[in-house]
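You will see two complexes here that share chain A, one where it goes with chain B and one where it goes with chain C.
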Partner chain A sequence: MDPKTSVARSPFSSVVQRRSKSYRQSYRSYVGTMSHLAYTPGFTKRRLTTCRLAPKRCSTAEMNPEQRALLVREWQLSYVTPLYRFQHGHLKTYSRQLAAFLVSERQRGVAAEVGLESTLRVTFTLVAGMAQTEEEADTVFIKIHSKTPLALPDDPQKVLWSGWLTCVGGDPDYLRTLPEDFVCLPLFCSGGTEGLTALVKAWFQRTFDCCFGLLEINSVNLQWLAALWTDCHARTSIKQLKLVWSLPAEPPMEVIYAMHAQDASELWRSVRQPGLREEEDDGSVGLEEVACFFKGLKSHFYRHFRVELPAGRLTQVSTALGSAKHGGRIKISNSSYMITTLTLLTECALLKMPI
Partner chain B sequence: VTMAATLIPPDLNSSSSTDSSSTSNRSISRSLRVAEKAKKGIKAEDPIVAALKYFSKVQKGTPCRGNDEFENNLVTVERVAYSKGLSPEAISVMLEFAMSLRMGTVPCVRVLKCLLPSTVVPHQAVVRAVVWLCVGKLSIATQVLFIKWVLTVFDMIDAKDNLRAIYGFLFSFVTEENLVMRLFRVRKLLELHSKLGKQPYLLHLLSLYKVFCPELVTLSFNSRIRAGFGNHNGPWKLALNAIQKRTAVLVPSDLPLALQTQEKAGSRKRKLGHLDLPVLTAVVQSQKQTSLSQMVVPLAQIQSFVQLLENLHLIELPAQMGSLLGSSLALHYLDCVQDESAFLRINFWLGHSLHEEFLFCGHGGASQGSDEAVQFLERLMSTQDFLQEGFSSVEAFLYKFLNVWDGSLLRPQILALLSNVPVVPSTCISRLLSEPLEQLFFTSKVFFKCGLIESLNGMLVKWLTWHSVYALEDGRNSPLSSTRNVSRSGFMLSVGELVRFVGRLATLGLQLEGCHSLLLSFILDFYDTVCDIFQKYGLPLVVMIPRSVFYPALFAFDPISVDRLAKIMNRYKINLTAAKKQEKITGKAFHISLKTYQEFNHYLAFMVNCLWNSRIFQPGDDIELSEELLHESGVPQYWASFSLTNHPAFHCYAIDFHHKCWPERRDVDLKSIQHLQQWGWYLEYLFTQGFDGLRQFIQSNIKTSSRGP
Partner chain C sequence: MDDLRRHLLKRLIRTMTIQTLKTTLRLWARLSVEQQESLDFTKPKYVLTERLLDLCEESGLGVKHITELEMVYVIDHPNQRQWHAYELLEAADDALSVELSNFKEQFKAHLAELIRRVSIRIKKHTDEAVWIRIAWGDRSSRPNHLKPTYVVHHLQTPYVFITNSTSKTMPLLSQALVLATRYSSMKDAGLSGRNLAAIRGLLMKQFQQVFPSKHLQPLQGDNQTKPNPQMECEQDEQSEKRLQAACEAFGGGTLPELQKVTYTLETKFKDKTNQIMTEREQPFRCTVTFKSSNILESLRHSALTGITSTPLSPLLSSISQKGRNVFLITDKGKTEDQIGKKRGLRNLADDVFLKDTIEAAAWCQLQTFTDHVSLPIVIGMEGAEQQALLAELKSVDRSCLEESPNRIEPFQFFFNSKKDYEMFCVEMFDRRKLKVFASWE
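So, the complex of A and B:
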């Protein structure tokens, strides 16, 4: 028999055949028919957004209790590469597996049987109503409780750790290029001891073949947050706008710059340039406006204190709506504008994706 | 059924597997030996044969204390065992003797300790020994000793299939608290585990279950307990190694767990483990899958290449794809994987590791350039070499990294990765490669320049090789010939762009470094590839060497450069001729611009004039000097100053040749070489010095009958 045809008839030819090499892919990129991976590294750039929608208020009544859980505390941010074969239908199984994993890790070197009673209880819950588009996966909230054997069933359990994975307003083009097997929840917020955070990350890494990395909020994004929050003042009071700069002086100097909400809001209104856009006012905010806002703030500071803030680095922004730190810690205090904040953070996380 | 059969204890009178003689009378053993001696000649002299004979025949109940014959024979066996190891037959005899307890427990232990195989252990012997084990007469300590022995020599057992049938019996010894599948077994282990605490051997067993049934058990180790079963095998292992070294016999054991090539991490702990490879583990099934999951073999269970081949269609990828990089066996499989998701997973992991370590390294910057980084990148390179392609995440990383690179951090590794970058569309070359690389090139030392040119040469070679392989593959399948034409022209544009880019670098590099001969050599390497694109890789593209490289090479002080230039020019000629020929045959073929031919002819004429005809600085040449200037220089016969005798690169050869021709002459007159006969000899002399490029050039471009200058 002709050797070629015998290969073709082999039932496992789909596996056994030598895989086509990546040069095929490079060829493909010429022809214009992109592979479904659709990334030809470096050829398409995910750029920083220069224009955002101004925050829109959503009423607290719409919030469900799960969403409210996201407001309680300050979160440490990380980015996560897409989760392989994560299924929202298997949250119960994940709860059991993670609990067993945590128990076994806690008692280093002692094995634990999956599914047995343990001192920890893990719950995975779905937070509905966060996704902005169809491409986005639903937010998942994870809680770790300690279980005391004497506790009554109604007793509030002690929460040791909580965290959530989310994707709000992620770049639809990027999300669409991922194959079905992957679930993209790029923003991971954790609250609890570092040890437990590390363990949860390790479990995710092993189970869904993903990677975690620290998500810092750079000063451009802090400026964005400051501007967007100030923009809300017209509808919801932000009380005051507090900015913290760290200056490269010896010894290092920290400048805390707090101003009345009203003043900040007025400055913001003065730099808004609705005339620049073609439509009357679609509520979008441009990067140049943010830059202008901060230029005003800095020059004001210079006039009073003769300190050049541009030489330093913006490290923290806080208002009544929330606070954000350069190291990647965020607190969202008001649910009304949560989506805006999370959209920005999701974008930061997606920018960190290696491919 | 087979198990039941092996369970029947062997009859004590039955013969051992090696000796079929049924005689058990010791009194006639001597005559037998004599007969053996006659039969086998010298071999029978060997006391070991006698000893083995003794042990195969010795009767049950023979006392061992004070039995000199026994003692002598055992000493013989021990001596042989520790020096050369025991043959398979000897192992069978001695194991049978020991396990049957014919002379009690004391010799049994002694024999077991010296059972060091020289080549293999016959599996029948082990099975028989296990049968004896099941008879239950052995003391616990002896049983344990035997099982430890089996574990030690496990890799040397010739056929393990029969053994697999009796694993169950071996497992039953786990309860003996001194040793080594399904849920109830795990339960048993867990029970033991909770009773006995963290015993390393139990942890080891459990870790095996973690590999095979991850859904049943979770477990984490302290990294230190790796040495699972203690060192009880130590003496055996040492003795075995010594024997194997001495006899230099390669024992046909399976590949030693090729799946985990975990290096011993240094005592220094890294804080950020971005570059640690994940451990190869099977996927934890999130739901009970039906019959399908039975068919799947997790890659973590594959231990040998043979197993890999047998299960190729059933293999399940591991939980973390990054772990494949740690195993050569897994890479073999990866080469066959067609699942794009699998590659995406690897790329996510790899890209994340590289980004975190080298780009987002706000805190751990000091760890860069460390051993780990070097090891990681080298593993990455060898993986890419093995797969013969680059990972797209590495490519994406490089494009970013080149912009922040200082050109010295991990230079060899980064340059090697760079040469693996797959074809870049011509429109992107400038942004992704040229801009960052030019900056680095112009501000760096000559060694970096050489390295970069070498790397780009590697890149070009890989592109061209990919192309030629692709063209071949496509010729066979040719599903989309129209798309291929499009892509081919795109590919040609890319190659052209790359060659022009390197040409630019070469031009400026040679100027900056004053025609550094090392740099020139790397540049000529590159043009070695370029000049042969059509003939060697079948790509209809001829890009001429730029003048800024041609002239420095032609006037170089070292003869090697001139020789290599001659070779390159000769290859250009062959390529252009072939292209012309093809154009004539196929009619359309491809278009090589007239300018390329003109340029080549121009070079060729100049080179021949310069080296052969002693006619340089002619009007119309690229190098034109005014008559006055040439006169002012005071160089006599300046038109001949770059001929093969006067060229600075060949001057010393000409002088040497002159000495050889006329040893008696005091003053050297190179003009005398230019006579017809001497000229021919001189060329011959040069060719014997290894200037093959020059020879090819002269032979193909200058009619040998024509006289010298």
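So, the complex of A and C:
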């Protein structure tokens, strides 16, 4: 066994015994043993992924309607620590419990509406086919509908809020170290009013003893997304690659750099260095290549405007395949490369978890 | 008619605050003082709208008067629209002597000649600007008062500011304006923004300009005491230089408010570390937009802090110097005119067939082929000839197109080398999904 892993693994049993319910061991403490040392080069290297698989296309025919629901809108991302005693077999119970919780929370407020019980309905559904390995738990999709008492059963219901919990391509070593009672679904995507999001989070916290936090996508990960999406252009058109930087001027300035897809893709191909990788397979993308791609983009920009883009912050990346913002908002527009995007986000969520 | 009046008024009131409504009604002066005083401005807007409609009924005011109210409001609050600047070219000898009544008459007459159903209102504002409101109709419908075009022109200047104009109405408007102002043509000045006063100021150079000088003068008093006298000296010189350069490029004092600057770059990618891209023939196409609440201020500030290096890029300094915020940048040798021509050609190509053929030809011109390629003869023809050939081609049934080679021929690309032909096919059919004819011998 890898010595690092063994060091990390040993304390977990004691952690679990000490806190019978609360599970606080995080991915970071597992990966780097002691993450306050994590900024030493050796550990940082272990923490940051420097090589990823190039996006593979999966056909839309394989998509089920539940998966398609994930594409519709822009989602706000959060991370969630592992859920205690979450069981995929109890989704119906959870639906009822969450509905009851929402109604009771609403009635605690000043403006209690009479008959609200009948107007809210919660459904938990399983989204099959997202998990990449056996260790990963299945994705759970949650919807809150409003229904009017007079509506016919087959009337379309208005969706007030929707959200989902997922784990795609999480580190299998980490997932294996989790005790049996814990289910790891680290990525939480929500869409709806903030009030409802807060209530849903509160219910999860209360029921599964987990905690939530805002998941920001830092510029390294935005660069990864830009590169991975550009890599797809050979198979699926990305229309254009749009990058947004915010620069600290007075008043604040935004630079929107939109490239023609064909040209961005050719630049990307020109920085791919197959010789750099140890293995022969061309299915992986290295961090140096991403850095090189961005260096090229920035130098082309600097040659014209003499403006230092690195002084600012990359805040947004968007293509026809999807868009991601620094504040943790994401939209996936094309199902074909959803898994790649979610793998990256799952990894971000695992890294973001508190110790 | 009554519905339209209600709809217009409702929409107008919705956009105003109560305070502006008060002042606008006073400026409008169609209601008597007593009538204005009878309005209760503490009531909700929909009640006010109903009350106003009643008052209009009383005083016999119709749609025409409501559009006038809208015009009063727009003149007072011009910064809620996106304005585009246009420049009039080649003035006739008597262009400077055009006066308001003459202009009014001419403009109305010319526009009415071009389009029958149109409603025009012209009003002179106190700052010598002529405001024109145009509601467009077409053959079958009455002028649409809900989407009016506004035009602002200062007589005796070559600039026109237009908001809310479509590609359909622009040619008509431009012709009427050119004739009424005695110029020979009008072109897009490449400047747009929400603040009308700012874009006017930028075009007419009504901002504090700073000119290059050998002796640096302190432009802004900045009396900060710094601990190390040696360091102070060096840094001050540096920052003064930067300040001078920034003010030369963007102007001193308060700068005109522009929201964004857009550059369309079609230049070669040059990077010493990237051999493949540097050797690439085609330009790297991208669009760069700078956005801020006041972009000139932001850029000047960024030059002071060093985010933008000095000497400043000519692309940035031409915003103030040329008074533009839309630029098309290409490498030398390929001028803007050529691209304009190419675009013009494209405009003629209404039909997808012709458009695709033209696009394919444009692509071929950028490629280096191993052997000779002849472009379709239709490319070099006049618009009318192109259309005639196209009509001939269309008259043939799609299924038996192959059997009438003489109809196809004008649209065909001929390749001498099979390799070139295949490259062309991959690009055109597989990647761009175009409809073109090609063959190789």
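By our rule, the second predicted complex is superposed on the first by the 294 of 355 C-alpha atoms of A that agree within 3 Å, B and C clash if a C-alpha of one lies under 4 Å from a C-alpha of the other, contacts with A are read in each partner's own complex, and residues count from 1 in each chain.
We take it that a contact is a pair of C-beta atoms (placed from the backbone, for glycine too) under 8 Å apart; a residue touches a chain by one contact, two chains touch by 3 or more.
This structure is a prediction, so every number in the text was calculated from the model and none was measured.
Of the two partner chains, chain B is the only one that A:Tyr94 touches; chain C does not reach it. In the superposed model, A:Pro354 lies in contact with chain B only, and not with chain C. When the shared chain is aligned, chain B comes close enough to touch A:Asp181, but chain C does not. By the touch criterion stated above, A:Thr81 is placed in contact with chain B alone, chain C being left untouched. By the touch criterion stated above, A:Arg206 is placed in contact with chain B alone, chain C being left untouched. Contacts of A:Arg303 after superposition: chain C is touched, whereas chain B is not reached.
On chain A, the surface touched by chain B in one complex and the surface touched by chain C in the other have no residue in common. Across the interface of their complex, chain B is touched by residues 11-12, 14-19, 21-31, 33, 35-37, 39-43, 81-82, 84-85, 87, 90, 93-94, 97, 100-101, 103-105, 108-114, 178-179, 181-182, 205-207, 209-211, 213-214, 216, 352-355 of chain A.
Residues 247-260, 262-263, 266-267, 269-271, 295-296, 299-301, 303-308, 311-312 of chain A touch chain C in their complex. Interface residues of chain B facing chain A in the complex, by the touch rule stated above, are 186-187, 189-190, 193, 198, 203, 206, 215-222, 225, 278, 281, 284, 286-287, 312-313, 319-322, 335-338, 340-341, 344-345, 347-356, 360, 362, 388-390, 392-393, 395-397, 399-400, 422-425, 428, 432, 463, 466-467, 469-470, 483-484, 486-487, 490-491. In the complex of the two chains, the chain C residues touching chain A come out as 263, 265, 267, 269-271, 273-274, 276-277, 280, 282, 284-295, 297-299, 301-302, 305-309, 311-313, 315-316, 329.
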